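Worksheet for the structure shown next.
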Amino acid sequence: MLKNITVSCAPHISQPLSTRRVMVDVIIGLVPAIVAAGYYFRIYALILIPTCVISAVATEWLCNLIRKKPNPLESLGDFSAVVTGIILALSLPPGLPIWTAVIGSAFAIAVGKMVFGGLGANIFNPAMVGRAFLTACFGVLMTTWTVPATIDTTMPKIAADNKVHARTQATPLAWSKQAIKTKKGAHAVNAQFKSTFTGEIGGCLGETSALALFIGGLYLIVKRTINPHIPLAVLISTVVFANIGSMINPNAYIRPMSHLCSGGMLLCVFFIATDPVTAPLTIKGMWIFGIGVGTITMLIRIVGEYPEGVMYAILLMNAVTPLIDRFCKLVPAGGEPNV
Amino acid sequence: MDTLNILLMGFISIVIVNNLVLTKFLGICPYLGVSGRIDMAFGMGMAVTFVVTLSGTLTWLIDHLILMPMGLEVTRYVCFILVIAGAVQLVEMYLRKFFPTLYESFGIFLPLITTNCAILGLCLFINLWGIDNLLEAVVLSFGAGIGFTMAICIMAGIRENLNLADVPECLKGAPITLITAGLLTLGFMGFAGMIR
Amino acid sequence: MLNMKINTKGRFTFPGGTHPPQSKDLTAESKIQPVPVGKQVAVMLSQHIGAVCQPLVRQGNMVQAGQKIGDCDAFVCAPVHSPITGKVKEIALRSHAVLGRSLAIVIDAYAYNPTKRPCPGFKDDLDENNYSAEQICNAVRQAGIVGMGGAGFPTRVKIEPNPRLPKETLIINGCECEPYITSDYRIMLEWTNQIIAGTKLARKASGCSKVFIGIEDNKPEAIEVMNTALKTHANNDDIKVVPVRTKYPQGGERQLIKAILKKDVPTGGIPPMIGVVALNVATVAAIAEAVVFDSPLTHRVVTVTGEAIANPGNFYVPIGTSVEELIEFCGGVTQKSAKVILGGPMMGIAIADLKTPITKTTNAVTVLTKKQIGRAKFARRQTPCIRCGRCLEVCPENLNPTKIAHAVKNNLLDVAENYYISGCMECGCCSYVCPANIELTGYIKTGKIFLAEQKKKKPE
Amino acid sequence: MANEADTAGRYKQTLLAGLWRENPVFRLLLGMCPTLAVTAALKPALTMGLCVIFVMLCSNIVVSLMRNLLKPHLRILMFTLTIATFVTIADLFLKAFQPRMSEILGPYVPLIIVNCIIICRAEACASKNALSLSIIDALGMGVGFTLTLCVLAGIREILSTGAIWEVAILPAGFVPWAAMRMPVGAFITLGLLLGLVNAASKKKT
Amino acid sequence: MSKIKHFVRQSWLLIVASFCFGLLIAIANAAWSPIIEQNKIDKLNSLMSGLLSKAQRFEMEAELEIKSAKGKKVKSNIYKAISDANTCVGWAFNCEGPGFQDKIELVVAVDKDFERITGFSVLASNETPGFGDKIKLPYYRNQFEGAPAEKLQLVKTGDVEKIDSEIVAISGATVSSEAVVEIINNSIIQIKDQMKGKGLIGNGK
Amino acid sequence: MILADILELWNSAWPAGLTMLGLGSGFAVVLLIASEKLKVEVDPKIEQIHEALPNLDCGACGFAGCGQYAKAILENPELLGKCAPGGQQASEKIAEILSLQISNSGAPKRPIVHCRAHTEDKTYYAIYQGIPTCISANALPNVQACKFGCLGFGDCVSACKFDALHMVDGLAAVDYGKCTGCSACSKACPRDLIEMVPFSQENMMTVACSSKENGKATRAMCKVGCIACGLCAKQTDIFSVEDNLARLNYEKYKPTDKEETAMEKCPTGVILYCGKNAPEPRQPAKKAAAPKA
């Protein structure tokens, strides 16, 4: 009477949740930042984001082909390459030439992800790997910041002949670095807080608008796509270090709020540090990771030579994530078994 | 205060900024070979730290007390390698005979070290950098060992995780370790310029 | 209805856990219905944890309903009885839900076999002091009572006083956290007095001084009914009904103990280590029947449910009836059924051979439709773990399921042991929530089997 | 006759072994440090390779000559001493006649001493075989090592400067990938190359 | 006695070999060390003469000790550039200081009155390829040719063509640019003072 | 003139030579003394293996030097072949040393899979959708009807390091040409189907079934299972039927006509040959097929 029944081990039902769903949520969370990028950087966003996404996806497909996966298109279905592409694009300077973005995305996916075995296996955040590689290769291109269209009305609306028209401007963090060196001028950076909050300032595509990032981050937290522990840990440690700085010398070190809203901090807090694949599994581990990211970022921003250290902080903490996981082993509910 | 500062900066610099493995490419063989498990990696790191401190100090002394005054710098390489090899072998035999437990936990790594260029490399770098102060030489050598330990432990942690991953067959083992090391150096670039 | 309002909202719970859809309304209102004896039953000689029974009858022997047909001398063992009157056809291998194939006594029913009715009528007047602890224990053993909540541990062993592990607290487990199943719920509603009687007897036998009846707060009627009935009983001061929060696997004894007593049972340990005995409501009901009426455990309540079943309901089934017969009794299946599960969808065992007989531990037969398992993970493809940590979050045992499962998958059993694979109770929460559809529980189970086998092979 | 052909075949095999089947870098994973350190450009890589060939050749010759006189417990010490001597000579030579290369290679020349390939060949081949075979072996291994270095260096130099052997070959619009000259480039290029070699050799067998 | 015999039997080869090797090294050294020395001098000379085109030869004039910015003492050699006509056409000296990653060593040349810098050359540096190593490019270096031998200033934007005490930083390598300026600033003033003290140059007009 | 040159060279060279001499002899003394004074006794087998390794202590094997690797190999011969510098040569030598340790008395043991049911021979009640390994499938009841037969997910195949096992239509088949007799497969099989049997002949006869069901049940589940009819045991006493299953006594097995007859008589064809050149087993349907030469 019963034909074609199936067997497998328990449980036999599951939550209607999939990797794809999680990734789509992240993409939805990124929409405000994308919109802000489009608003402030116009044609650049329009070019850069699709470029990165397409080349990331294409690279993943190629890698699958090379690995002779039976179905090379399959792993594209989980949209993780799309997320990587978007996040990479959002962390690039707006005026970056297309070919650079292609190299970055290809490197991010091929070396950052696929050589480790694809989704879930990578040790380092692929987008940050791509960005770090680009920074190491094409440092000057990666530190040329185009002014937002709302300020620079001459920004081309259609043509992408960027070198000619683009006006460039330093970022708040560069001024902050200057302030640290000259021990004056932090106030001027603080005064720009409103621009850093709305995003009307130079910087990477997706990092300028703190507001948009915050909305997206809140969405992810509410949807329980990300755990609030890492964002909290990063934010708290950043604020602590920034406070120490501005307490020592308010002329040299900018205020904590300015630190939070400038540079890649919020993008990192909500979208990059929370990349589950490269972050620790346990809650204790997440706190260590978050505090580590915040601390290293602030160390680089305050003591180091670069204006921004988010990317390096992420990569470094990614590297120690396995160690964190190992040393934050969970103790089973009934305590250690006494064998 | 000043010397302390210099020592501290030197130490941090060689641990992080000028890490032997990640920036000077020294000791790659054990880095690839013994980074499979954390306990092994840690034992190796400890052994390297011990030997590198010992030989850094010894070679500095020999260089400054014997070779330089006597104008025998040409025989530097030979002397260095012989001193290192001899010292390591002696320590190994000694541990093995008298401290078997210590030997088991880190002494077993000692023979690996003679052919590890981190040791000789460091001695040469100390010489190259013109360190003319014994204390500094000791601290730098010790720091180099700690830097090696750190790098190899991080790598071991990563590799333990990679054991559970579907790394392409042809990249398993040394290739993926090298690539990971490469990405690790990308991360360590963040510290560049922090200490000068 | 009552003058005093009973709080049915559960505050107590354990960390972790998840909320699968309940699907209990399919059968929640269906009264326990006796099932007539079919043509044949196959009584498994192994229906519990512990030593396998030896047959006491041979091929061709005639047996009476309630006759002991298998037993053994081991301490951890419970005898089996024939639920029907008939003739032993053979003693042969039959499909077994856990063991695959195992020896069963196959009995052909005689034509005259009255349908046994449940609940021979308990009132609120049982005085457990009429029975000595020893008497109760013996009756429980003779009746072949084993835990009916799932594991099937011989109940006598559980309730017998043990000088090394003195018992203080008795917990009656009426949570029934598994989706779909309502057998315990119906028992609590319909056999309330019997449960209380059994509880008192178990308390007497085990010498416990405190008794808690844990019921999930999605069963407010059961909580109310139990509370009301308790009031009319004598000697009820130390028996408390505790509403606990509805969350899977609230019914796991470790979780229930954590929820009610705020105590952890040591990993790899058992509740008696902290002075607790946990018994399922069906088990205590069986105790009452065994002690008072001297009636062996030959029938049990089984929920036959699932969207594919024509007439789902709760049934009083002779042990040894085949699943096939039972499903037919319920009118067969209506939709394309895809999976037949002994137990609920979270922990139950999917069976392939529908001739598999019901045993003392079968509390439900759930038939899932194709659509349901299409939505469930195993028909879908597994994707790689994204280390989202959801499985760690829900694991009631606070384990690291993904690490353990991946260690097993890669044959690194020492790593799996290092992450306490043995602490897993296979509740299935981790697999349930995993967005990557990884069969974490399956891998963990595999690893445990592997390890057990390794240990078995080692001494050689 | 047959014997002669046999020996010739053996020589050929030994020579080829170092190039592919037992390539020190790709197959034996030895001498990784210089491989990574000196391959930012083709010139230093070639220089390094030649030094290794020289040292390996000399040490193999010496070891092979002394092979019957070696005492076990002093064997490795003896090898080290021999190698260190020739490395010193090579270093002096470079300093004298290739000062620029000597500067670029810096301490990596003396580090040849601890390069496992050389001691490995001394132990595995020269201490067991006659002079001629030892020489062939040293040449095979040395050339194999040098070629590997050159391949790696070629890739890195092209990408990092658009030039090879300091002669620009890529079009002027090419923006050099500075990272290829940094440690990142070294590690990743070698890693990927190793993977490639693994894949290729899998296919063959 | 027998022990010694035993020892000799075991180790004679090692002893003999080490003696021979020692000789070998020493001979090589003896033969090549003049060339090596010459190389060093040549390099310095060529660097310096690149900076002081009129100079025919250089003579070491003094060995001074200056304090680095961090308070460390470093040695500096002062060379006198002598023209065909045997007149002093300028001075060159080496100096060092912290760069972005590691030490930067420079050779700086000034005119004979220590008034104008005629240029500088990087002796050794370890700056990031593509970033800091741009201090070697003429684009940056040319700004120093003819700059006054006094405190130079680094500015972020300016005219690179204009020669004055303002040095325009390389964008993306401000730190290294600054380091060079700082090293030069630091040493040039101290050396100037010390040389004045020694009477090597006039006490200014 | 030349003499003067040489003299000059000598003058500048002798201190270096002397230093080296001093160093060399110094170390020779120290090491000689140390090697005698600080000697530690080690297992001679380890010593032997250690000798066979190149003694480079390069760490490529993943162990802390050759000594440790030698020790590890002795404990776990599966680790053989990790020494890159030593290469094939060293591995072979060590294998030799190791095989000397293993008593080579008696015939070499080779695995025999005690099942001959391919997918089409078996009865299935359900479709298995779980983890595709035998051990997982074995944990569920009745993934296939026969509880004793090969599950066909190839745990044994992945256990074999020598590529000597393959899945053929849902049944594990040993490639006796490649098998080294390491018994890894036998340990891996959750159903204990693979037995290590002393191969006294090149081809061994076997009863390729493990079913302890009675004849009727076996028939219902498997086209080729042993139905315990006892025909084989009637031919020769090296067959015996126990627990509804015929077994062959491998110790006593010698290829004679009697066994051949038993094989032909077997109604289901479960008696067959295994080995390097084993003939194709008889198809059960063609009961009356011509006897093999």
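List of remarks:
Letters A, B, C, D, E and F mark the chains in the order given here, with residues in each chain numbered from 1 onward.
FYI, a residue touches a chain if its C-beta (ideal position, glycine included) is under 8 Å from a C-beta of that chain, and two chains touch if they have at least 3 such contacts.
The structure displayed is predicted, hence computed values, not measured ones.
Shared contacts of chain E and chain F, meaning chains that touch the two of them, come down to A, B, D.
Highest C-beta contact pair count among chain pairs: A-C.
Chain centres were defined as the mean of their Cα atoms; on that basis the chain farthest from chain C turns out to be E. In terms of their C-alpha centroids, the spacing between chain D and chain F amounts to 38 Å. Rounded to whole angstrom units, the spacing between the C-alpha centres of chain D and chain E is 33.
Remark: chain B and chain C have CA centroids separated by 60 Å (rounded to whole angstrom). Computed from the mean C-alpha positions, the centre of chain A lies at a distance of 50 Å from the centre of chain F.
Counting only residues that touch two or more partner chains, chain F has 15-16, 19-20, 23-24, 27-28, 31-32, 35, 56, 58, 60, 125-126, 129-131, 136, 139-140, 142-143.
Taken residue by residue, chain D touches two or more other chains at 29-30, 73-74, 76-77, 81, 84-85, 88, 92, 116, 119, 176, 178-179, 182, 184, 188, 191-192, 195, whereas all remaining positions touch fewer.
Residue positions 349-352, 354, 378-379, 384, 403, 439, 442, 445 of chain C each touch two or more of the other chains. Contact between chains, using the touch rule, shows up for A-B, A-C, A-D, A-E, A-F, B-C, B-D, B-E, B-F, C-F, D-E, D-F, E-F.
Taken together, the chain E residues at the contact with chain D in this complex read 10-11, 13-14, 17-18, 21, 24-25, 28-29, 32-33, 35-36, 39-40, 42-43, 128-131. The part of chain C that touches chain A in the complex is made up of residues 14-15, 18, 20-21, 179, 254, 258, 264-269, 324, 327-328, 332-333, 337-341, 343, 345-352, 354, 368, 372-373, 375-380, 383-389, 392, 396-400, 402-403, 419-420, 422-423, 426, 428, 431-437, 439, 441-442, 445. The part of chain C that touches chain B in the complex is made up of residues 384, 403, 406-407, 409-410, 412.
Against chain D, the residues of chain A that register as touching in their complex are 100, 103, 111, 115, 133, 136-139, 141.
Taken together, the chain D residues at the contact with chain F in this complex read 22, 27-30, 73-74, 76-77, 81, 116, 119-120, 123-124.
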